[in-house]
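Every chain is named by a letter (A, B, C and D) in the order it is written, and numbering of its residues begins at 1.
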Amino acid sequence: MNSFGRLFRVHIFGESHGETVGIVIDGCPAGLSLAMDDFLNDIERRKGGVQKGTTPRKEDDLPIFKSGIFNGKTTGAPITILFENKNTRSGDYEKQKAVPRPGHADFTAHVKFGGNEDFRGGGHFSGRLTVCLVAAGVIAKKLLENVGISTNARITEIAGEKDLEKGLQKAIDQKDSVGGIVECTVNGLPIGLGEHFFDSVESLISHAVFAIPAVRGIEFGTGFAAAKMFGIDHNDAMIDEKGKTTSNHAGGIVGGITNGNPMVFRIAIKPTSSTPKEQESWNWETKQVESFSIKGRHDLCIALRVPVVLEAVTAIIMTDLMLLEQRIRRIL
Amino acid sequence: MNSFGRLFRVHIFGESHGETVGIVIDGCPAGLSLAMDDFLNDIERRKGGVQKGTTPRKEDDLPIFKSGIFNGKTTGAPITILFENKNTRSGDYEKQKAVPRPGHADFTAHVKFGGNEDFRGGGHFSGRLTVCLVAAGVIAKKLLENVGISTNARITEIAGEKDLEKGLQKAIDQKDSVGGIVECTVNGLPIGLGEHFFDSVESLISHAVFAIPAVRGIEFGTGFAAAKMFGIDHNDAMIDEKGKTTSNHAGGIVGGITNGNPMVFRIAIKPTSSTPKEQESWNWETKQVESFSIKGRHDLCIALRVPVVLEAVTAIIMTDLMLLEQRIRRIL
Amino acid sequence: MNSFGRLFRVHIFGESHGETVGIVIDGCPAGLSLAMDDFLNDIERRKGGVQKGTTPRKEDDLPIFKSGIFNGKTTGAPITILFENKNTRSGDYEKQKAVPRPGHADFTAHVKFGGNEDFRGGGHFSGRLTVCLVAAGVIAKKLLENVGISTNARITEIAGEKDLEKGLQKAIDQKDSVGGIVECTVNGLPIGLGEHFFDSVESLISHAVFAIPAVRGIEFGTGFAAAKMFGIDHNDAMIDEKGKTTSNHAGGIVGGITNGNPMVFRIAIKPTSSTPKEQESWNWETKQVESFSIKGRHDLCIALRVPVVLEAVTAIIMTDLMLLEQRIRRIL
Amino acid sequence: MNSFGRLFRVHIFGESHGETVGIVIDGCPAGLSLAMDDFLNDIERRKGGVQKGTTPRKEDDLPIFKSGIFNGKTTGAPITILFENKNTRSGDYEKQKAVPRPGHADFTAHVKFGGNEDFRGGGHFSGRLTVCLVAAGVIAKKLLENVGISTNARITEIAGEKDLEKGLQKAIDQKDSVGGIVECTVNGLPIGLGEHFFDSVESLISHAVFAIPAVRGIEFGTGFAAAKMFGIDHNDAMIDEKGKTTSNHAGGIVGGITNGNPMVFRIAIKPTSSTPKEQESWNWETKQVESFSIKGRHDLCIALRVPVVLEAVTAIIMTDLMLLEQRIRRIL
């Protein structure tokens, strides 16, 4: 299902080369002020900035509000936001449709949907739909701000380099795409969000994070490094009644529940599948392996676009958890 | 909520030092043969074997079938399985209850539940409840076997060592606990399980995996290493009509959907929080930091118990996905 | 939440006097042909026909397909359909907004959403949104037709009269609104849809039916009359291996599960709340009871519009149950 | 699925002639006092009292608490309650198993579960499981009492007679079973529970009510009588700022949302399917229609047992809605 959340719930729809992509946000408390201006900064951030390595495709991405807002405020009814798809060149895909692009959903979608999938630009599987998540994230972040919670994601590494310019230069030099690491921190969380077992904060965050295309891994706190540590070094000693700990190896979550320290996690983004390099794949019409190269506008490093999307899905979940724990009033 | 799954759905309950822990499994197709013998091997595996480093606590863990089985077969009604808790020494915990153990849910549960939590041995947060997941996993694995799918998890690293004995020896030498890495492989999956975005296979697997206590990270295929790779090296070239690829960096999942190659992922397990070392924590009665050490039976390396639990949650999800895609008939 | 269904799932949004109302349909199998023509008849039926008693408001209701359809077929991705709202006169409502109309959600919405509700024409609570359900119903009915299932609803009584013209004449003579009874029959259902207890067919049908505005009751088979019958008279004797029964007092459902006989149920529709008569209500600005009368275009008998909506929600549920029982292949 | 509820969620399991039936209650706030005594009165009421017409089967029904309660209070973890089945005579059913009893799920379960169903006494379909709902209802009612809400159900009619003794006498005279009407009233509800469309109060109540065996219909407020009324007579005029209305034809719910007046609804209960009269059914072994009569202990009027079960499911839903609207604090 293309839905996520229990009390603050999003539904996404649309295709990369269809007329629009969109999102329905159900469960947003009534009375939150929302205007076009609230959305512009995050939508701009999703374009990957003016940095080297991002696609020149111009997306004139203004949200179109279709429901749930009245007199500039949320009404409590579902909020629907559309984004038009412009400047698409679908012909590029028609020619290549029998040759599934490595790393894309072309083949799996083709089999799953019996050949009925919209194959143009990845169709419904496209990263294009993340603009909808960003829009929902703007609303969630605004709700969280009201109660003192902030969500911040940033790239910490590109192509194995902490110096991000250096990482991107690798891609340019190699005429290839590269991956990266994105870290997200949430400050201001109360103690007690999340539940034991299946609704642990890590469960919910990772569930939503793997909905972001190109994510290959996630780790909380010390993460994979924890597997090499001794217990005495990993444990965070609590030093006051508010739960403050001397270290934060747990990344702010113990027993699946927030412990009052900053929440910290990192995700791994693979190199953009649409590399400029020549590749091989199986052509299901000619029934043979053939070489091809992907033309057109593509990101050298898709990780550059991820931080704002990661903030969005994180904020969506934290809003849901805050509503569940009655830390945000349903009626503002 | 203590539930997971859409069509094959589990609900867990119970506390470490209560009378029983248990599970309700809803949605299991009717007609599957089930006997005590089916469960013994996996329950034994969960004890961590005779290897160094596992707790000597004797758990005489025989499943008690309460519903959903008739004449040795599943009926289609919910299956309820209980496990008795024996040999518990709750007094150990009563004395220490105002001093939250680092790495445990003692403090977060205390705040979340207003002091009403069953604090004995972690209560409902205890790893003890994973025996219930193992039981559900036995049923799921049996359903999957019928359609040629096998799930295998194994430890690949302890305390940073590929030689597992060496890793455990580190813990013994240091008189401390250690962590490890567990890898899971699923063979025989058809193409087309999972969905784009929120119900991607990675989303579902990671959601369930973080319900296992002590997990700090998860990665699929090349995982975090992908962030350092070039696109041309990471992409898996498809070479036949069945979706076979030359490499399997994607770990068998593209666009959130299985691609017919083996599914492979790894998880990081932190060192057991209950280290024998002296530690510090905040005493919420005396309102000061104090030193203490954890007595009693505890695992030096909890990762040793994880493989069978990881197989269980993986098999539960794959069964659910197979039912969703109608690859397992609801009536066998 | 504005969603319903497990595998075939709908999400509705929009307001009576907003720009559009719409629906997202998730889980529709790929490969179903869909064209504008499929929708026109049912949308026309929803207008209540040319019969006496329906509102003259002209709704030029053509579905606008936004996602999930490609080359005239469903793709397996969410289908989004919008309907524009035209010819709305919101000023009518602005003047009256402090006087909640009896029988409408004006007051309850005002309290629930803290005064932020879109009050124009009932906003999100409007019967206007049923056009979206009708559109989803068209898709569901087309899926069901492929497997030999048909859903038919008809009015059996208006204002207590079996002669429907006579019932409407009562309303016209009294210059008041009237209610009615609508009966729905589903033919061609296999044995075995639905589940014991919470997912009984009656549970699911009634859940969805009470989402239709103005419904006040529902009964299956003999319904309320059963409460006056003796057991021997009520029981349906089974007479062949296909489950055929001599009578059908059970309405085709036993133990919450379809038994192979036609499914039959009836719903009660209250008289249109917007009666032309003068009424009283509390004015929350002047803080006193005042008289008023509702102007404008309103149905004398809203029941006339209900049959096609009832078919729609019924077909949505039966499609979901057929998918759950694997009687409709997910890939057509 | 054998589950219901969003934040206060129940899962039932067990069979009539199995060892136990039981329920898991997830989402109950921590800190609620619970003792055996809280349950005895309602469990006794479910036996149908000492009135004529109830089965003499002695059910020594003491709840067995398995999880979620510690030191006499709820902990916030799932609460599990079992009831043992005693005094069952399964042999009665073995002999008759090829002859589906009219009005029971024998045939539909047999087809649905491929002959693997536990056929003894209706198995999982048995009214026996309602004792579990009653137990959950006790907890829900206790939570609601804390905030001033009371739930009361009573029989208003048996066999068409308002004089209940007279109705039962009809059954005795005719040596047959009879049905009845049960009315439920909820007092003390705040304005604003429930949602427009799919989560309307009527949707949720009716969904749960049809999980009670033998229910054939439900109506809110004036219900089916509304279909014969004029609008001006049906509309409830609001007369003060708290939403009080002169009449209560709406049964306390407008637009799917509680309006501050008492909630009132009625359900129709069919005559007990297990009538003492001789009946006919299809024998799927001999493949012919044959006569038989049902022996043993059965209720002449199952409606006598329904009020406490109806209170239970109603209280479960209202608790869920109160939690959703944050009217009950999750931590008491």
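Assume a residue touches a chain if its C-beta (ideal position, glycine included) is under 8 Å from a C-beta of that chain, and two chains touch if they have at least 3 such contacts.
Just so you know, these numbers come straight off a predicted model, no measurement behind them.
Novice: Determine which of the two chain pairs, C-D or B-C, is joined by the larger number of C-beta pairs in contact.
Specialist: C-D
Novice: Could you pull out the chain whose C-alpha mean position is farthest off from that of chain D?
Specialist: Here the answer is chain A, farthest from chain D.
Novice: How many Å are there between the centre of chain C and the centre of chain D, using C-alpha atoms for each centre?
Specialist: Distance between chain centres, rounded to whole Å: 26 Å.
Novice: Taking each chain's centre as its mean C-alpha position, how far apart are chain B and chain C in Å?
Specialist: Chain B and chain C have C-alpha centres separated by 44 Å.
Novice: Where in chain A do residues touch at least two different other chains?
Specialist: 1-3, 12, 77, 109, 112, 124, 196
Novice: Quick check: in the complex, which residue numbers of chain B touch chain C?
Specialist: 6-7, 77, 196, 324-326, 329-330
Novice: Which part of chain C faces chain A closely enough to touch in the complex?
Specialist: Residues 1-3, 9, 11-15, 18-22, 24, 26-27, 30-31, 66-68, 70, 73-80, 82, 109, 112-114, 116-118, 123-124, 331-332 of chain C touch chain A in their complex.
Novice: Which chain B residues qualify as touching chain A in the complex?
Specialist: Those in contact with chain A are residues 1-4, 12, 100, 102-105, 107-109, 111-112, 122, 124-125, 129, 157, 159-160, 171, 174, 176-181, 191-192, 195-200, 202-204, 206-211, 213, 215-232, 234-241, 243, 245, 250-251, 254-259, 268-275, 277, 279-282, 284, 287, 289, 303.
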